[in-house]
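In the two assemblies presented below, chain A is common to both, partnered first by chain B and then by chain C.
On to the complex of A and B.
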């Protein structure tokens, strides 16, 4: 019973704040609502008993990405600036498309009975997660782990190169 | 801790979150808020992965690990996207998509 109350609390928070994120006109408030959505999602992961994943969600998403977004908002727009939304026609049409898609997906979800299996659960503590991440046996994830590490390196170099000021070009002009 | 909560509830939440992200992506004009909509979409997909893993295939951790990888990809994507947005702001003095319509300046 308690877990149901907690679940509906988190679900309500996710729903309300994700809708507010995309409809509010103040950009900084949208970022804070996004933070609430991500923290509630971490709560859902805690409920599903994936503690390490919830911690990663809190540190990377809520701690890293939201801070990055807030920084870039403060760098690029005035703090009390109201965001410009699409025109009325475009807004109505997108709302129609979104409602149609959501209805279709919800009908599909509610009509399909997911066959539950009562298999024995594998432990998801940090030790077994760390072993699985560098293992190349069955149920090992060494390849995606290495691919993601190269992706992160490439993204880091790419972000530095894209965002730095070009000094050589300025010298050539003058 | 999820004794009596059916799997469908998690899927309903992630569906509504996904489509609110789609709505934001379609109606927003600011590049950063569009990026935030993309983060919403990725996050809803993560909820799906994790819920399917816990309810239908608890004997392995595929959904768990792919959620970790999606989080890493989202972080990389946000970093590169914000670098591009700041560069656009330097050149155009604006990050509204209406005003950014030239590749070369």
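On to the complex of A and C.
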């Protein structure tokens, strides 16, 4: 009973803030509403006693991605800026896209029967997390881990190239 | 009510049993939530006031002054008087400010501080949440706190606030890495992230002694990075008063300013408490291998006193170098993190892994 109340509270928050994220005309507010959506999702994981995933959600999305988004907004936009309202054509097209996406999701969810399985509790202590992260047999995450590492390395090199000072040009400016 | 200063589990248990005997399950839960909430609020408010007083006294001592002396004996009531004054001040919202975000920002900062404080073990049996991922929870939640600072700076519509927020954001995001990595060093040694497990693992010997060289390096890095995380001197350029008036909270007044101010001091407490829990044995007494009589004398001192003794020691250390070192420039701060602390930390993790692998620790 208590957990049901909690679930509907969190689900309601996710819904309301998701809608607010895309309807607000102030860009920083959109980022903050997105933060609320992500934090509520972490709340759902906490409710399921999946603490590790909840903490990952908080670190990566709330503490990482939203901070990056807010940073770039702080650097680029002024407080008085408002997003322009979309034109008629754009409005119709995005409405169509939304309806199509929603139908597709609903059909998938309603057709899936969600069998209630009783799985063994997965240990989430340091040792098992570490083992799972670097093992390459079943339930191992070695490949995704390496692929993500390469992606991050590429992003890092890209950032350095973009931000690096040119050596040859502008010798007069110091 | 069974009260035992050495172990609070009996006290909490007897409260719980007393409540379940006379109320329904839901009412018990609500009453217990209220008790815990009020306890945390009281603790944070009183300890925050005490820390402000302590900071002024410590600062005065370093500058050969007396500090606050006039309100109450040795100025003890000074911070309470200041707090009442703060509560009575007018709440001003700047023109053209984004009112929603402007009002939201202090709450994000203070909520994050309260969430982190909820996992800290004060004494045996005095801990609210004991997650299996305890330390990770602390780093995860505290990484959200910077959003409050960024929002405060931007929504004030003031260039000083914005510059302060940008500086503070860059600094906090960078030093989060060092805080996390130095904690991971100790997790390797302890083999667990659960906070009660960490404290329990230090029954024989605190981790800073057990892990000798790498643990000591991790402790120093943690204290430096923790000071930077709390925006305290010598890393307080985010609110450098001579350049930016007050940084990101320039435009805040009254209770909203008090929230930022209080959060700053709670964060100081949190860093000291984490250093205590992870490196200095939490509420565990000081034990030396085979000195049985010495160990038994140390056991006579309750865990609660040990915890606060160590926390206040670390806090004094951090105040010490706030009032000793000059403020760093922004490029020096970022250089220190990315060119020195981060490589040292990564090497230190390798060193600790080797130490644990070959069993070189005590």
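Throughout what follows, the second predicted complex is superposed on the first by the 151 of 174 C-alpha atoms of A that agree within 3 Å, B and C clash if a C-alpha of one lies under 4 Å from a C-alpha of the other, contacts with A are read in each partner's own complex, and residues count from 1 in each chain.
FYI, a contact is a pair of C-beta atoms (placed from the backbone, for glycine too) under 8 Å apart; a residue touches a chain by one contact, two chains touch by 3 or more.
Quick caveat, the model's predicted, so the values are computed rather than measured.
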item	value
Which superposed partner A:83 touches (first chain B, second chain C, both, neither)	first
Partner chain(s) touched by A:148 [first = chain B, second = chain C, both, neither]	first
Which of chain B and chain C A:64 touches, first, second, both or neither	both
Partner chain in contact with A:95 - chain B first, chain C second, else both or neither	first
Partner with the higher number of touched chain A residues, chain C or chain B	B
First (chain B), second (chain C), both or neither touched by A:107	neither
Partner chain(s) touched by A:39 [first = chain B, second = chain C, both, neither]	second
Contacts of A:56 with chain B and chain C, given as first, second, both or neither	both
First (chain B), second (chain C), both or neither touched by A:157	neither
Which superposed partner A:28 touches (first chain B, second chain C, both, neither)	second
Residues on chain A lying within both footprints (that of chain B and that of chain C)	56, 64, 71, 73, 75, 124
Interfacial residue positions of chain A with respect to chain B in the complex	3-4, 7, 11, 14-15, 18-19, 21-23, 27, 30-31, 34, 37-38, 41, 44-50, 53, 56-57, 60-61, 64-65, 68-69, 71-73, 75-77, 83-86, 90-91, 94-95, 97-99, 101-102, 105-106, 109-110, 114-117, 119-122, 124, 129, 132-133, 139, 141, 144, 148, 151-152, 154-156, 158-160, 162-163, 165
In the complex with chain A, residue positions of chain C that touch it	26, 29, 96-98, 100-101, 104, 131-133, 136-137, 139-141, 143-144, 146-147, 150-151, 153-155, 157, 162, 165-166, 169, 173, 176, 187, 191-194
Chain B residues touching chain A - in the complex, by the definition given at the top	1-5, 7-13, 15-24, 26-30, 32-33, 35-37, 39-40, 43, 46-47, 50-51, 54-61, 64-69, 71-80, 82-87, 89-90, 95-96, 98
Chain C-touching residues of chain A, taken from the complex the two chains share	2, 26, 28-29, 32, 35, 39, 51-52, 54-56, 58-59, 62-64, 66-67, 70-71, 73-75, 79-80, 124-127
